[in-house]
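Have a look at these structures, which come just after this line.
Two complexes are shown next, each including chain A; its partner changes from chain B in the first to chain C in the second.
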Partner chain A sequence: MVLLSLPCWLRSRLTDRFWRVQAVLKHARHFRGRKNRCFKLAIRSVQRAFVKTTKARRKKKSFMRELWITRIEAASLEHGLKYPAFIGNLLKCQVDLNRKMLADLAIYEPKTFKSLAALAQRRRQEGFLAALGDGKEPEGIFSRTVHHY
Partner chain B sequence: MMAAAACGRLLGAGRRRAAASLLWSTVRSQRSQSTSLQQGIIAKTSLSSPPWPEVKLPDPIEEAKYHAEVVQKVNEMIATGQYGRLFAVVHFASKQWKVTSEDLILMENKLPAECGDRIRLEKVLMVGADDFTLIGRPLLGKDLVRVEATVIEKTESWPKINMKFWKRHNYQKKKSKTTAPSHPTAFMAQSHRTPSQLTAQ
Partner chain C sequence: MASYTKAAQQWATFARAWYLIDGKLQPPGKLAAVSVIRLQGKHKPMYHALSDCGDHVVIINTRHIAFSGNKWEQKVYSSHTGYPGGFKQVTAAQLHIKDPTAIVKLAIYRMLPKNLHRRTMMQRLHLFPEDVIPEDIRNNLVEELPQPRKIPKRLDEYTQEEIDAFPILWTPPKDYRKT
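Presenting the complex of A and B:
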């Protein structure tokens, strides 16, 4: 006798439901309230948490950059320079420190930051003088560019 | 240190006020009618002088002497080894790090180095001690600074989760990413040395 169709009383049953539930709950253990214990509440919170993590990873970069810029602005105002003047003149002097580094130097190396501010100020003044003069190569010492070829 | 430049500015020669004999904007322009302006005292209007305050740079010869002095002092300090702890700003793994000796760095990259290998970090943007700083434009020479590091650990990263979810649309995707093993995750930067001396510019 050949069995042509599977009998309807044969059902497959889930055996690892406990571990599937625990895999979700382990991400919710530090939450507050019942959503750290009850699966139905936890799964919603955990999904939202994961989505927020993915989106925040992109926003973190712009947030950190804003923070660094605020700190550099505050530090350069202490030395009498505004942020656009500071950054623009540092770039014109071919100093390639990024904003993260400048913010760290402003916090942990105040003397170095003061010298960078003085450099930017001097380059700014030479730029003003060059704006008033002819269109030739600027005379200032700190305006001379370094050629690496 | 370039803070010396600020002092140099203040110590410059006494200011001389020259009467602006021409409108400042006409110095740049090449108008044919510029010859018709008379030589004399210009009335102070909103356009008779530039919007920035007048700047007077210090005397270049004196300033050059001052710079040479500063460079010589720094050279002496380096030669006699009078610096304490040095810090360096290093460009590595497409990021900039402020590093001192016995410092740990964590990066999420693969390196073809094994654990315990000694690595030299070559792109140094700045080196500083307590009393002086060397600022590179943009990099310092390889014969000037030497920054070395040891690879301590190479592990997988923690599983970063990438999830998309739209509510009421039955749409969700979850992906968990651990950056593959054999990527160096920790360094220890050691032994800054500035063997050679600076030359005055």
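Presenting the complex of A and C:
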């Protein structure tokens, strides 16, 4: 509906400006400086903060994976194995634990992790024997895989 | 876990340990690589960058470190005093004479992550040119880490039995003369 005369134009006024401003400022209350109080500075910071939050959700996944890998590397070095050897040999044994579970086991179940490290070490030795041996020795026990097809 | 109470276990997990490394005849880069892992806390499965889980590292005999190759003459440490004409370049040998701990200290400082934790981690590093350590640091030491480089034996360090037991690789002809 088009309001054609001046008094009609002035009739509607914004009455909830306070709450619209507060809806933005509530996300800026923990910021430093004037941008936690003043709306014009706050909307800029709040918009950037929301964009950063959105982008960080993707980066969080890779950051967490790096952290798990660092922790697994530390724990496997305690047992004398390097991380690539540990992970590769566990995969060859068809132990499909992901890095999150391995890191949690390393922190809270140290004996379980030690047995996993021993398994990986044994599979590694069997792999060396299979590659470097003459083929006269029998196949390794832990090198046997289960085929699901 | 049966003999620990939970509080004692947690105290032990979060405690800061003191490690000792002997730098005699070791390359400073490898010493730094081992120390940096311990200073950051990356040798612990509960590592996190914000947890402040680094340990103390004490390196002794930094005066006797050994660079490979010609690095004592060729490696250059540069600095600038900030004043014009104040660009100083010193070879590793000159720097080592001036300050025997500086090479290892710079190697570790440059290997640590370049953030605000670096200065705290450098505070937890203790370097000594000889193996004279203060009493209180010596009482704190927990473990000695193995040296990163295997020191080869000199010819006069081999016993006569080992020299005799070494297999003969070739027999010299009768008219061979050692010059």
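We take it that the second predicted complex is superposed on the first by the 128 of 149 C-alpha atoms of A that agree within 3 Å, B and C clash if a C-alpha of one lies under 4 Å from a C-alpha of the other, contacts with A are read in each partner's own complex, and residues count from 1 in each chain.
Criterion: a contact is a pair of C-beta atoms (placed from the backbone, for glycine too) under 8 Å apart; a residue touches a chain by one contact, two chains touch by 3 or more.
Since the model is a prediction, treat every value here as computed from it, not as a measurement.
Under the clash rule set out above, the superposition-derived model of chain A with chain B and chain C shows the two partners fitting side by side.
With both complexes placed on chain A, chain A has more residues touched by B than by the other of chain B and chain C. In the superposed model, A:Q121 makes contact with chain B only, not with chain C.
Aligning the two complexes via chain A yields an angle of 80° at the C-alpha centre of chain A, spanning the centres of chain B and chain C, rounded to a multiple of 10. Shared-chain residue A:L77: touches chain C; no touch with chain B.
Of the two partner chains placed by superposition, A:A56 touches none, neither chain B nor chain C. Once the two complexes are laid over each other on the shared chain, residue contacts for A:L97 go to chain B alone; chain C is not touched. Look at A:V21: by the touch rule set out above, it reaches neither chain B nor chain C.
Between chain B and chain C the least C-alpha distance in the superposed model amounts to 9 Å.
When the two complexes are laid over each other on chain A, chain A has no residue in contact with both chain B and chain C. Those residues of chain A that touch chain B in the complex are listed here as 47-48, 50-51, 53-54, 57, 93-98, 100-101, 104-105, 108-109, 111-112, 114-116, 118-119, 121-122, 125-126, 128-129, 131-135, 140-142, 146. Contact residues on chain A toward chain C in their complex (touch as defined above): 67, 70-75, 77-78, 103, 106-107, 113. Against chain A, the residues of chain B that register as touching in their complex are 1-3, 5-6, 9, 24, 27-28, 50, 52, 55, 57, 60, 63-64, 67, 87, 89, 96, 98, 125-126, 128, 130, 133, 135-138, 160-165, 172, 174, 201. By the touch criterion given at the top, residues 42-48 of chain C touch chain A in their complex.
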